[in-house]
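This is the structure I want to talk about, given as structure tokens.
Note that the chains take the letters A, B and C in the order they are written out, and that residue 1 is the start of every chain.
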Amino acid sequence: MEATISLILEIIGTIAFAISGIKLAAAKKFDWFGAYIVGLMTAIGGGTLRDILLDTTPFWMDNGWYLTVTGLSLLYVILFHRQLERIKSTILIFDTIGLALFVVIGIQKTLTFDYPMWVAIIMGTLTGAFGGVVRDILLNDVPLIFRKDIYGTACIAGGIVYWLMIVCNAEPLLQQLSCAFTVIIIRLLAVKYGWAIPVLRNND
Amino acid sequence: MEATISLILEIIGTIAFAISGIKLAAAKKFDWFGAYIVGLMTAIGGGTLRDILLDTTPFWMDNGWYLTVTGLSLLYVILFHRQLERIKSTILIFDTIGLALFVVIGIQKTLTFDYPMWVAIIMGTLTGAFGGVVRDILLNDVPLIFRKDIYGTACIAGGIVYWLMIVCNAEPLLQQLSCAFTVIIIRLLAVKYGWAIPVLRNND
Amino acid sequence: MEATISLILEIIGTIAFAISGIKLAAAKKFDWFGAYIVGLMTAIGGGTLRDILLDTTPFWMDNGWYLTVTGLSLLYVILFHRQLERIKSTILIFDTIGLALFVVIGIQKTLTFDYPMWVAIIMGTLTGAFGGVVRDILLNDVPLIFRKDIYGTACIAGGIVYWLMIVCNAEPLLQQLSCAFTVIIIRLLAVKYGWAIPVLRNND
């Protein structure tokens, strides 16, 4: 049961991440192939770097779902691109759920390799946020998460809550849910209230 | 014999890929060192990512040829850059042969690691096409293959033909040749007739 | 003793590399999170790619110092950014010491994996110079080291000197010091006298 819910949430997250990449690729006049690759890298880029650093097989090489779901996301955008604007807030919520779940997955997986918690928090943050960095590099833009919004920071906060729950001997499911909800709440409040991290001062 | 032909073709492909990187680096006023690195990454970038994902030693670390051949390509461009325009179609043919061979090598190598065919097709495509993506990232351009031409798609088509030949129990050499010819023919026809993949519509 | 000196020099190098990334991130109006990531990638990017290629655990995952030191570098820039201009030449010297040490570390580590010397020289150069390439990619700039200055070339020269010292059966410490001093001297002379590698001619 829990595994099924987790898989469904992961697919929802993959779709949301893929669509975010595909939409930005469309704005840059990419062709279908380019849009597919950008969508795919947005969805799987973070987890791939995590798995390379952990020296384990990249997760998507064991399971064709991620590539299929990205293909369906592309098809959806090709057919229904007019509706994307209307479902903007749905996409934001999907994207946030995906982000939260990716952070949890990244932390869990790293802990199974017996790394300390600080490495797990970095890997959770990478899993959630690095796909967007690859997306922006492929689009030849400055990575968005370095300049706007609370995004990477929400992942780190979620990771710290995960760690506190471990310290407090909470149930595994509670650890994961607390982490996920922290990411979701911080991210949504940040979008709603326009929270941002201070910009670095510069004297040049 | 077959191994020798394969090595010669691989060197031809490496030269063509390296020259494509070096030429674009020259257009951006890179120095010799920068041009060498861009040429090298164009030639070995795809195979390197493939080997990292397959968790095996990057192929060029076992064999100094790739670096030497890239150095000779740089020397050629430094000395004879005036002739590059004249041999444009020769370079296109070399580049296409290289692409086809890189796809075949990527697929073969992945299959020796017992991955399913769809992973092998992705790895073949990466081997052929990812070097150009790295090149464009280093040049701070939007990757060309995401916006123009049939390139990645030709690799995928070649991979599918390879798979059909396996399904049909064809000889290994026939599998490889069919794959390579598919890539070459699609790519050359695409260049000749200006075939392109549809650009993604965008409502913003 | 030797290990302590080496650690101190490595921390100095990490600080200098991190500050170079953070300063450039500030000029692009990155927020604190973005500046931290750019600083971190500048400091650890080269060694991380080296360790991925050598198929060993990335060095910073064993030791939290690198992330802590980068955090302190960010704090320093936030608090004292007005002073950065004044200590410019100090930073250049730190950066050069860091570069030299990173090259030595990269070569040493590669040799312990029984790779030939030419692979070690490449890994030394990567360790020293690739962090700056990642930094420039994240900043969406053309990598500086491909267009200006003697930087990668100083690393290669240091590597060749290291190799000559091995051939001459010099003491390990002498091998390392000769390599480091070669990098430092070439780099500082290049900055002082404006040495540069020729730019590639281009007929387009």
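To be clear about the criterion, contacts are C-beta pairs under 8 Å (C-beta built on N, C-alpha and C of every residue); 3 or more make two chains touch, one makes a residue touch a chain.
None of the values given here were measured: they were computed from a predicted structure.
Superposition on CA atoms relates chain A and chain C by a rotation of 120 degrees, given as a multiple of 5.
In the contact between chain A and chain B, the residue numbers used by both copies make up under half of all numbers at that interface. Distance from the chain A centre to the chain B centre is 30 Å, each centre being the mean of its Cα atoms. Annotation for chain C: residues 52, 55, 137, 140 touch two or more other chains.
Within the complex, the chain C residues that touch chain B are 52-53, 55, 115, 118-119, 122, 133, 137, 140-143, 145-148, 152-153, 196-204. Of all residues in chain B, those touching chain C in their complex are 22, 25-35, 37-38, 48, 52, 55, 57-58, 61, 64, 67, 77-78, 81-82, 84-85, 137-140.
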